[in-house]
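Below, each structure is written out as structure tokens.
The following pair of complexes shares a single chain, chain A, combined with chain B in the former and chain C in the latter.
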Partner chain A sequence: MPSYDVMPDVQLYQPAELEDALNLLDEHKNDGWLLGGGQDTYGWLKDRAKNPKALIDVNGISALKGIRPVDGGLEIGAATTLREIIRDPVVNSDYALLAQAAGRVASPQIRNVGTLGGNLVQDARCWYYRRGLACYRAGGNICYADSPEGMNREHALFNASRCVAVSPSDTATALAALDATMVVASVDGTRELPADRFFAGPATHITRMTTLEPGEMLTAVRIPARWAGKRFYFEKVADRDVWDFALVSIAVAMDVDGATIGESRFVCGGVACTPYRLTDVERAVRGKALSDDTGDQAAALASKGARALNYNHFKIPLMENLVRRAIRV
Partner chain B sequence: MDIATYKNDVWGREVFLGVSWDLLWVVVAAAFVVIVVHALVYAARKRAANPSSEGKRVTRHEKPDRIFHWLMAASVLVLLVTGIFPKIGIEFGWLTIHWVAGLVLTGAVVFHVVRAMFWQSTKEIMISASDLSEPFDESKKPGKYSLAQKSMHGAVTVVSLVVIATGLVMFAMIDTPWWDRTNALEESTLGWMFLLHGLSTLALVGLIALHIYFGLRPEKLFYTRSMIKGWISEEELKAHHDPERWAPKESA
Partner chain C sequence: MPALRYPDTAPESTAASRPNFDFTNNKAGIQAVNPNLTRRRFIKGVIASSVAAASTNAGLRAAGAQDQGSGTVERLVSLNINGRVRRVDVLPQETLAYTLRYKLGLTGTKIGCNRGECGACTVIIDGVTNYSCSTLTQSVRGRAVRTVEGLQAADGTLHPVQQAFVDELGPQCGFCTPGQVMSAVALLEENPRPTREEARQAMSGNICRCGAYDHYLNSVMRASGQSS
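So, the complex of A and B:
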């Protein structure tokens, strides 16, 4: 597949108002492409693996930027950069889980321009798909990663359906653990949906990572006050400390009274096509003490139902150990 | 408009990706035109009153055959919905429902083939040379099945066998409770499977549209009733069939 130094011939739009951006998106539908920080976009375009006709740059829309209090929680505009989130005092004091996750995205340079919206809706990082091969995710009828010779070290353990790619987003796991909701807008209006209905697996949406329909845009993320100031744990294991995607990550939010765990959210990244919630672990640790023993008991439940591919068995003990580390004192 | 879509395989060779789903709208439009034209032509014709369904009854379809028919109908409709809707943008978790319905259809067809071969007369449904004059000779009445019914059965048989055979190959390419997929099939072979599966699916759409239309036509409703209840009246038998060529048992 050729790669080019220059951008393809594409019409660039730079709307200043959200309404104009939505109209452009509605006009161009599948031929339109939203541009935030561009860190997912430019690779696709330079490789000519995706060929939109219209690039709609949302960076000039002030309504999509900023972090503001809403109903006791927070609303973060989709075009807010990851750097702004990492440095925001309220995010750091009340929702440090998100700040930690955002701080582990890629590299400082990428976080300076990369947006929350872009990080959430970025496409799968399976290299067969990124290479431009006509796999299931690209509308074809085969998964190259899950074939006898396929290299699938980074691929899914859970909920694969033909395609075995995983969600590459670090902030998605944190936001799923914080019970965040996604605000989605189109010319027809606005809808708000929880993370488990926003991120989509291959069983239903094999050619996309979210339930965003053509003409729709993620405009903001709302984080409820429910988990503000609770105990958080985020850890991401990758081959490199910077500029790499998670092999497995974990985002945890817990009510802890003394040393006793109450309600909790355990969400893993890098193991399924969507942020993968460990509901068995959540049930098992409820009412238990934060301790190594509880960690050992819960760890065994973390990988229940995993279906390893040829080269990703190592993710199973990795998941279990991350759960163990999240629960230890 | 293309019949097939193509892709480059991992070696860069062009292979079939599958059928072009734009053809679906051609099939739907063609079926619609045929139905409308038939309905108009038939409405313009003078015809005798439908024979009475009262009086003595004769058996047209045994219970096992009726069960097979409706099982096949249900499974084919589920297969069409789960196979086609995602292709036209209605996305849902279709795959498991699709292969389960596919297995039901396969089982039903195997049952039907075995029953037809060993317990029934296959002659009744085979097209013979003498049937060919039937549409041109109004005095000539069919045996159990008319030429149109035999033709429909023949077409559905061929298309169903193709869709089942290609579907079983594709079934080996997904994870099931009994095996993990191997994904070891050549992409060009797989492309052919998808193309044939898609073409036979489109053919089924057209055939089933016509089948449902004729099944619901007022003068043919007694056939649909017989597929539910098993019988037709003796008057219906005399009006539409040649007792010399088909002598059914009296119905209970």
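So, the complex of A and C:
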């Protein structure tokens, strides 16, 4: 499919109130598109691979912006830019894991306008899907990436079900490790979901990456105080340090008493359609010393159950090494 | 004003072979606006009906009559570009790079990839760098946009960053240079004496296919008064 540089004909709404945005979204359930920083949007539109009729720009809604203390933790509005998060003093002092992850997203200019909500709900980066091919994720009945000749170096190791695309979001990995919850609103009210019920794999919803229903909007993310100021580790491995999505990333939060690891969260990005939690590793390192030996033991568990495709075997040792690096002193 | 045409605009016959390239099928209109949405509540808002009218000189080959829609159309907007207020007719879906180049004649801003993946179109909006190819013009109403044309003094003296780029032979072919200059200006306004590593990070959203990255970094360090 050729790509076109010119933006298509589309309506633009710029509501100033959340309620108005939700009403518009309800009205445009089938042809509406929420616009944050737009950095995931314009490519779809210019390619004519998605054809929304109404863009609902949420950047004018002050209720969706800003970082505020809530119940000892933080609430971050979905339209808060990654730039604001990276520079926020409280995020940096208490939840540096998120600041580090946000700082590795795309490029400076994209972080300047890209929003937290947009980074979390961005669509799959599988290029077959992005080209507008009728794959499973696009409602068709084939996966081009998981075919004998498919190029699947970037694709999933775990939990693939027909579709083998991975979660592209760096902040999702960090927020899952911080036990964050997502606040979702529609004209019918709001609900709050933990990361493991917000992000959806292909077995649950093959045409979307989240459990957001048509007419629903992610309005805020709440980070509990649970992991504030704990030991964090974030690393993203990508082909280029700018722009590129993670081949594998890891976000770790852990209680450390002296040199002994307590409870922890190990979450990998780029290996499954959702942020992928390494619960076996978490169990194995509990009560162990923070050391290279522990790292070696945990690394062996990290990739348990991985099902490599033709070209992504390299992600298995990559994951294992990231776990090792997260635990070493 | 003569009609400016977008350089990549293909002739009509070619368009017919592009199945999805369809400006004529906009039947959505905005008649169905929720009655709760009174105009007053769109304080800063705009409901821009997407009428890619033939009267625009955008070079968008919009076919004739379309649903005008009953909502407010705010096509004629005032933009603050380089400290001057410019009145311009802007489509809802129009990108800032497009408006700058093809409506305002500010062709210093380059369109490279048009996908936010190269940085040639970098401009400064309210002190922060943006990819103007991936910014809707309608979203910069009420904000201060600076392009490379706005850097030099009234008497033609180059901005210190521009002069440093010249002195250090920063550019090679020059196509990415306006974007590189804007990223450097935004960096130095916020952090007048960056380390080379900080400069490298700040410039990392701008690709140079000639690979003149070190020359650009030398330029930034010189502009900051630090010898490279």
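Here is the rule we use: the second predicted complex is superposed on the first by the 329 of 329 C-alpha atoms of A that agree within 3 Å, B and C clash if a C-alpha of one lies under 4 Å from a C-alpha of the other, contacts with A are read in each partner's own complex, and residues count from 1 in each chain.
Rule of thumb we're sticking to: a residue touches a chain if its C-beta (ideal position, glycine included) is under 8 Å from a C-beta of that chain, and two chains touch if they have at least 3 such contacts.
All values derive from a computational prediction rather than experimental measurement.
Q: Look at where chain B and chain C land on chain A after superposing the complexes, then choose clash or fit.
A: fit
Q: Would you sort A:Ser161 into first (chain B), second (chain C), both or neither based on which partner it touches?
A: The answer is first: A:Ser161 touches chain B but not chain C.
Q: Per the contact definition in the header, classify A:Gly150: touching chain B only (first), chain C only (second), both, or neither.
A: First partner only, chain B.
Q: Looking at A:Gly140, would you say it contacts chain B, chain C, both, or neither? Reply first, second, both or neither.
A: Only chain B; A:Gly140 stays clear of chain C.
Q: Based on the superposed arrangement, let me know which partner A:Val256 touches: chain B (first), chain C (second), both, or neither?
A: neither
Q: For chain A, which side has the bigger count of touched residues, chain B or chain C?
A: Greater contact footprint in residues on chain A: C.
Q: Would you sort A:Ala54 into first (chain B), second (chain C), both or neither based on which partner it touches?
A: Once the two structures are laid over each other on A, A:Ala54 reaches chain C alone.
Q: Determine, under the contact definition given at the top, whether A:Val90 touches first (chain B), second (chain C), both, or neither.
A: After superposition on chain A, A:Val90 lies in contact with neither partner.
Q: Go through the superposed model and pick first if A:Asp5 touches only chain B, second if only chain C, both, or neither.
A: second
Q: Looking at chain B versus chain C in the superposed three-chain picture, what is their shortest Cα distance in Å?
A: Value for chain B versus chain C, nearest C-alpha atoms: 11 Å.
Q: Where on chain A do the contacts from chain B and from chain C line up?
A: none
Q: Flag every residue of chain B that touches chain A in the complex, lowest number first.
A: Touch list, chain B to chain A: 7-8, 10, 17-18, 91-93, 95, 173-175, 180-184, 187, 190-191, 194.
Q: Would you tell me which residues of chain A are touching chain B in their complex?
A: The touching residues are 133-134, 139-144, 146-148, 150, 160-162, 203-205, 307.
Q: List the residues on chain C that touch chain A in their complex, please.
A: Those residues of chain C that touch chain A are 6, 8-9, 18, 20-23, 26, 28, 30, 32-34, 36-37, 41-50, 52, 60, 62, 69, 92-95, 98, 111, 114-117, 119, 122, 128-131, 133-136, 138-139, 183, 201-202, 204-205.
Q: Taking the touch rule as given, give the residues of chain A at its contact with chain C in the complex, in rising order.
A: It comes out as residues 1-2, 4-17, 19-20, 23-24, 26-27, 31, 35, 38-39, 42-43, 45-46, 48, 51, 53-55, 57, 59-60, 83, 106-110, 112-113, 132, 241-243.
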